[in-house]
Amino acid sequence: MQVNEFKPKIVAFCCNWCSYAGADLAGNNRLNYPDNVKIIRVPCSCRVNPMFILRAFQRGADGVILCGCHPGDCHYTSGNYYTRRRMALLFSMLEYLGIEKERTRVEWVSAAEGAKFSATMNEFCEQVAALGENKRLEDLRCKQ
Amino acid sequence: MQTVTRNQLVEKAKELLNNGTVTRVLGIKKGEFSYDLTPAVFTSAEELEKEFEFNGFAAANFSKYLVKLADGEGKILVFLKPCDSYSFNQLLTEHRFNRENVYAVGIECDGFADYKKIEEEFNDGIKSVEFNGEKIEVTTLYDGKKELAFADYMLERCKNCKTKKIAAFDELLTENSDETKNTRFEEVEKLEAMTPDERYAFWRNELSRCIRCNACRDVCPACTCEKCVFNNPDSGVENKAIQNSFEENMFHIIRAFHVAGRCTDCGECSRVCPQHIPLHLLNRKFIKDINSFYGEYQAGAEVGNRAPLVNYTKEDIEPKDAVGRGSEE
Amino acid sequence: MKKILKKNLQNLFAAISKETDLFLPVLNSAKNAEFKKWTEGTEYSEELNTVRSAKDFFFPQTENICDFKTSGKNIEIIENSELPENFAVFGVRACDLKSFEVLDNVFLSEPVDSFYKTRRENAVIFTMACNRPKETCFCHTFNINAADPKGDVECFEDETYVYLNPLTQKGKDLLNKVTSALEDETEEPVKKIKAEIEERLKNLPLYNLSAESFGSDKTEEFFNRKEWDELSEACLGCGTCTFVCPTCQCYDIKDFNTGHGVKRFRCWDSCMYSDFTKMSAGQPRTHQKERFRQRFMHKLVYYPTNNNGMFSCVGCGRCLKKCPISMNIVKVIKKLGGTANG
C-alpha cells in the first residue's frame, strides 16, 4: 500500500546535554534510527518555543518530537519542567484545533539512553507514517 | 441592564476631581448612537456632565489604557468592573503601570448587551436603544419599536460571567459580590467531544474569516508587548496579511498561547472581532487545561501570583497524558 | 428596463453563471455578509455591507506578484499572478461602486497598476439600490445617491420583483445573453422605488452630515488642530477601519522565503500599524496620534487635494460598526468640521 512507502519528515529538537548525546550514543552503538529524522540541537528543551514547532510543520515536517533531559536532570536545573508545561498546553491546543495528536510528542531521553532514542524515533516515525502527510498544518508555499 | 447609573459615576467622578484625589477620569464618551461609545479621559466637571456616558453597551475593558495613562500628571480615576479588575491586577503583576498613580473605584456589573445580536434581529436601521430594567427597547428606522429581553441579548462573556467579584479597588461604589458561575467551559467541552475532523472543520470555518486586523491582539489587556513578533520584520514570522490557512492557524495559536496563564478571560477579543470569530474559545481551552492539569487558577485574582507557565511542580502531568484529556473525560 | 420575479432570482444567477463567474453577498455562519461565488443554491443576502468591501475583487487582501528561484548566480523570475477571467458581481451598493472610482484614481493613473486594471476591465458590476439604508449610512454626505446606484447594470427591488437596467455596453452584452430569464418592464415601478428611497434617505440620522469644510489644500488648517489628541487617544492601533474600508488603498510588498525560493506578494497595509512605511530610519509617524491623523487627513484633505476635490470616503458606515472603540470618520468630521454640523 502507498501508506507504507510514505516516508514522513520528522523534526526532532534535542537538548544538547542529554538527548543529543543520547542520539550520539545510539550511533556509537550501531543502533538504527530512520534517516528521515532531522535533529535540531538546542541548548535546552526549554529553548523551544511554540513558534519553532509550528515553523517546523510549516517548512514541511510531518511530525515534530521534542527530546530533553529527564525531569529533575536538567542541566539548567529546571528548564525541562517549563518545557513540560508549555508543550502539554501547546499540544493539547493543537489537538483541540483538530490536528492529529500523534504528530507531536515529548520524550525524555538521557545521555545514557541510546537504545531509547533509537526505539523512540523508530516508533514515532511509524506512528507518523501511518497518518500520512501533514495536511492540516501545512504551508503549500513551502512545498517543493 | 446595569444597576449602576451614569449619574452615580458622574457624581463620584466630580467629587474625586473636586477634592483633588484625582486629576483625570478615565471613562466613556457618548457617540452618535447609543452603542458607539468611545473610552476617553475627562478632566473637568463640565466635560463629565456633557459627554460622559454609561449604558448597556459600555463593555470596554479600561485596564489596558492605564499602561499609557497612568504615567500622566496626578492620579487617574478608573471605574473597575469585575472583568476589568482582574486585568488590572494582572497588569500590576507584570509591572505594567504604577499603582500609586491610579485611583480605582469598583462598580458592580450586570452584564452588557451585544449590539450585533440586536442588529441581527431586525435587518433594519436601528434608531435608538433604551435599557429599561430587564428589557431593551429598540426603535428601528422602518419597523417601529420592539422590545427585547435583555438576558437574551447579552454578550457571550456576560452570559457565562465567571464572577461578579471585584478583585481590585480603592473604594467600592456598590456592594461587592461573591457570585460565581461555572458555565463558561461548556462550549469548549462541546468542541472537545467532537472528532478531530469535526474540530478541524469547525476551526477552519471560523479562522478562515480572519482579516488579520489585529483588533483581538490590540484590545487585549494581556497583550502589552512593546513590539509584537507579528509586527517585527526581524522576527522571521512577521505577517501583515494572512496568505493561507497555515498563517491563520499560526497567528491565532501564538496569540492565544502568549496570553495563556495570563488571560483573565475578559472576553474583549471576541467582542471586538469584526468577523465574530469566537476567539475566547481558544483562550478558554488554555484556561480549562491549566485548571485541570495544574489546579484552579484565575489570572489577576491577586497581584503577584505566579502564572502557571512560569511555574512548575515536579509532579506535573506529562504532555502525552495531557493531550486529548479533555475529550476523554 | 428588465425585471424578474424575486423568487426566480436563482434562475437569473444560474443563467449568468453559465456565461461568467458570478459573485454575490452571502451570509456566512457568523451571519456576516461576504462576497462568495454563486453555485447552485447560494442564497443572495440583502445585507447592505459585507465585512470586506467589494474592493477585494480588484485589490485583494493578498495577491501573488511573482516567484524567484535562484540557481548559482542566476535568478529566475516566475510569473504566478492569478488574474481572473471575466466575472460579474451582483449586489454592489452605490457607496462601494463609488469606491472603485476612488481606487481608479490611484491605481489607473501613471504608473498604471496592470493587475488592478485587468481585474477592473474583466468585471461586470450589478449594483443594487438600498431600500433600507441604515442609521450608519452617510453616502449622501459625499454626493452618492443610494437610490440611483449606477454601475454596469443597476438593479432595484420591491417586494416581488428585481428590476435590472443595463447602463454600459458590458452590462447590455451580459444581460442580452440571459434575456430568457427576464421580462420587459417600463420605467414606472423604478421611479416609485427611487422616490421612496430618497424619502427614506432624508430621514437618516446622518443625512445632514457635511464634509464641506474639508477638501483640497486645507492641510494647514487641519493638521495642527489640538482636537486630534482627544480624537485619537483611545485608538488601539489595530487595522480594522482600514481593512473594512472600501477606499483604503495602501499596500505593502513582501517577500516570503519558502526555503527553496522566494514568493513576492502584495498585501493590504494599514496606516494605523506601528510598522507602516517603516524605513531604515524608522517609521515616520512615531505616535498613534500621527497615524490616526494621517488616515483621516488622507480621506478628507490629502486625497481631495490630489484628485480635484473628490473625498476618499464614501459613507458606507462600515467603520462605524466595526471599530473596537467606536471612533470613526463621522466623529472626526463633526469634531473638526465646525459650524456646518451644529
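Letters A, B and C name the chains as they come in the text, with residue numbers starting at 1 for each one.
The definition used in the following text is that a contact is a pair of C-beta atoms (placed from the backbone, for glycine too) under 8 Å apart; a residue touches a chain by one contact, two chains touch by 3 or more.
Owing to the predicted nature of the structure, the values given are computational and were not obtained by experimental measurement.
The interface with the greater count of contacting C-beta pairs, when B-C is set against A-C, is B-C.
Relative to the centroid of every protein C-alpha atom shown, the closest chain centre, again from C-alpha atoms, is found for B.
Chain centres here are means of the Cα atoms, and by that rule the chain farthest away from subunit B is A.
Subunit A and subunit B have CA centres that are 36 Å apart. In this assembly, the C-alpha centroid of subunit B lies 30 Å from the C-alpha centroid of subunit C. Spacing of subunit A relative to subunit C, judged by their CA centroids, is 47 angstrom. Touching of two or more other chains is recorded for residues 256 of subunit C. Residue positions of subunit B touching 2 or more other chains, listed in rising order: 243. Subunit A has residues 141 in contact with two or more other chains.
Touching subunit C in their complex are the following residues of subunit B: 31-33, 35-41, 60, 65, 120, 123-127, 141-142, 205-206, 209, 211-215, 217-219, 227, 231-233, 238, 240-243, 271-272, 274-277. Residues 256, 258-260, 263 of subunit C touch subunit A in their complex. By the touch criterion given at the top, residues 50-51, 54-55, 57-58, 71-72, 78, 81-82, 84-101, 104-106, 136-141 of subunit A touch subunit B in their complex.
The residues of subunit C lying in touch with subunit B in their complex are 28-32, 34, 46-47, 51-52, 61-62, 132-137, 200, 203-206, 230, 233-234, 236-240, 242-244, 252, 254, 256, 265, 267-270, 273-275, 278, 320, 322-328, 330-331, 334.
Against subunit A, the residues of subunit B that register as touching in their complex are 191-192, 196-204, 229, 237, 243-244, 246-247, 249-250, 253-254, 256-257, 260, 282, 285-286, 289-290, 293-294, 308-314, 316-320, 322-327.
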